[in-house]
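Listed next: structures, encoded as structure tokens.
There are two complexes below, and they share chain A, which is joined by chain B in the first and by chain C in the second.
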Partner chain A sequence: MLKSDHQPHLATGVAASTHATSVKGAVAARRVRADDVPQVFALDERVTGVAKPDYWQDIFERYGKHRLNERFFLVAESVETEIRPRILGFIIGELRAWEFGSEPCGWVFALSVDPRTRLLGVGQALFDAISVEFKNAGVAKMRTMVARDNRLHLMFFRSEGMMAGPYIQLEKEFD
Partner chain B sequence: MKLQVSSRLAVFALLALAADPERQLSVAEICDKYGISGHHLAKVMHMLGRAGLVQSVRGARGGYQFSGNARRMTLLDVIQLFEKLGSGHNRLEAGDRTNEGRALREIVDEIDDIVCATLGSITIGTMLKLVSRRRAPPAGAPSPPPHKYR
Partner chain C sequence: MTARSNITIPERIGGAAEVNYGQPAAPDFGPLARDRIPVRTMIASDLRALIAIDRRITGRDRSIYFERKLADTLRESDVCVSLIAEQDGAPVGFMMARVDLGEFGRIEPTAVLDTLGVDPNYRNRGIGRALLSQLLVNLTTLRVERIRTEVDWRDQELLGFLDHCGFYPAQQLCFEGAIDVEI
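Our next item is the complex of A and B:
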């Protein structure tokens, strides 16, 4: 479930590749590195108010180091060297196939942008970067899931051209 | 779901104005674009003006100008000026106090909440992007006649 709080915006798109850094405008998106994890953890804690160091270490192990042809943990960093912290946001997604009867597609399950760095094109740069990764991996569709009351995320993804899909999320509480 | 005519006219008018925020459009010009009634649209424009979404411009070349933020103004913001949406606005009806009524109310409320979430997630800016993706028919192809709303 997406947790971050950021504003949708017109932005510069960048493409992240496995090795090189693509730069356009003030923000560059690239693959996460081990030394990014403390900043990713700090950003998530700042946005969500919940510290999850073990979770983020596990996420980095799974999405930052293994099966990199189908898992994408991208970070956005400022190209302005004097700006700190360096990591302005991140997006995480992966290829999933045949779940719920769906053909292979890209799923975005985490997106976070530092609220202090809005209007720099961070969200769109990350979205564009992971879109390129998904396309290069051979899928034709990307999906995500957003809480009904998370209007900022809903507005952002809608502004990027995402529409409601053919699935309905159902749930049940146990007594 | 079916939107009230006023809501549709309001969305159409805002899309026409927000497409070029520097430009002023008269009620007549907006009516011509959509093939709609000027009398009804005038009332809608007055409501939009009171809500601060458009600005009335006086003078020989006057009209209306978009004065909102297309990247923040949602369809829900606009439509709620003209009709009540959402499960919180549903009044009690016959049978609602029964178990069957409560079960049905839960389903209807779920639908209402999804409607509000959808309309609340689409900004005027996003709508303009959706509009631009719809290509005009090729030259020479007949266009359907505009509908007249009363």
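Our next item is the complex of A and C:
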């Protein structure tokens, strides 16, 4: 088991008094647990507007319970227990190696932060935490795919120093 | 042309020509390739063949990767969408895919093609097309309406193949960064 399984990653949150929910003090990122899934599911529904309970249960089974040395489903929570909702965001990634010959690398494929706690360091804590997981797993690069019109994710990943990568996503719709 | 006041309305577009029912079929690569090349669902005992084909292509031993991928395909997927093409009774090509739902808020089921290999001795015989064609048929029955893949822009051969098979750039941008955190 990785060291980071036991030690939450901490990031200092900047309190914003104008937000309905303020995150005072630190945000801790840790591995997801079964009792987090309803909150993750609710957060995703709030952000995307689409309820996907079966999807989230499946994701938890795959990324929260199996092969945890290469799959990382992390959640962020306030260290202050009275803060509600407890789960402030989540990030999911995995090691992908040799797909179409590519060198092993960490891929982030989901990231979400509660809209009421944005700009408070939650995304930063999650990004840092999964970076540590990837580094512990032995990779030196991480990648992600972001929709061209998703300005929020574009700005976040750019602000974290990520640059245009060498991959092109191709797709085909069935006739 | 039909003249009417000051505008001209074309009666047809393009030159006059009879429909040639004897000409080659439209570039639907699927049915013919599938008919000629047997394609079947991947099974556990294909592992050695996968590794051998891949070693002939890449010159590397990626046994661990294929063991993991095959385990994913056979045990974790609800539906097996990975295929093997055979010639002379032996595997000569493979294609591995998975079905995803909901990455970054996507809600429609999408198949992800991530591994493809054709034995170098059987290149240019329609093996890749047969595999892809069968994969699309299988996915259609699962009500998956889209397939995507991620390719290094320098991999001209793979890009050319996928272009020929009707893939086009998606509205997604790849971001990459070095991991420089302190542990």
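Points to keep in mind about this one:
We adopt the following convention: the second predicted complex is superposed on the first by the 150 of 175 C-alpha atoms of A that agree within 3 Å, B and C clash if a C-alpha of one lies under 4 Å from a C-alpha of the other, contacts with A are read in each partner's own complex, and residues count from 1 in each chain.
To be clear about the criterion, contacts are C-beta pairs under 8 Å (C-beta built on N, C-alpha and C of every residue); 3 or more make two chains touch, one makes a residue touch a chain.
Please read all numbers here as calculations on a predicted model, not as lab measurements.
When the two complexes are overlaid on their common chain A, residue A:R151 makes contact with chain B while staying clear of chain C. Once the two complexes are overlaid on the shared chain, A:Y55 sits against chain C while remaining clear of chain B.
Judged by the number of chain A residues each one touches, C leads among chain B and chain C.
In the superposed pair of complexes, A:A164 makes contact with chain B and with chain C alike.
Overlap of the chain B and chain C interfaces on chain A comprises residues 148-149, 154, 158, 161, 164. Partner chain B is touched in their complex by these residues of chain A: 8-10, 148-149, 151, 154-155, 158-159, 161, 164. Chain C meets chain A in the complex at residues 58, 62, 65, 76, 101-105, 107, 110, 114-116, 136, 139-140, 144-155, 158-159, 162, 165-179, 181, 183. Per the touch definition, chain B reaches chain A in the complex via residues 71, 74, 113-114, 117-118, 120-123, 125-126, 129, 133. Interface residues of chain A, counted against chain C in their complex, comprise 3, 44, 47-48, 50, 52, 55, 59, 62, 66, 96-102, 106, 109-111, 128, 131-132, 134-136, 139-150, 153-154, 157-158, 160-174.
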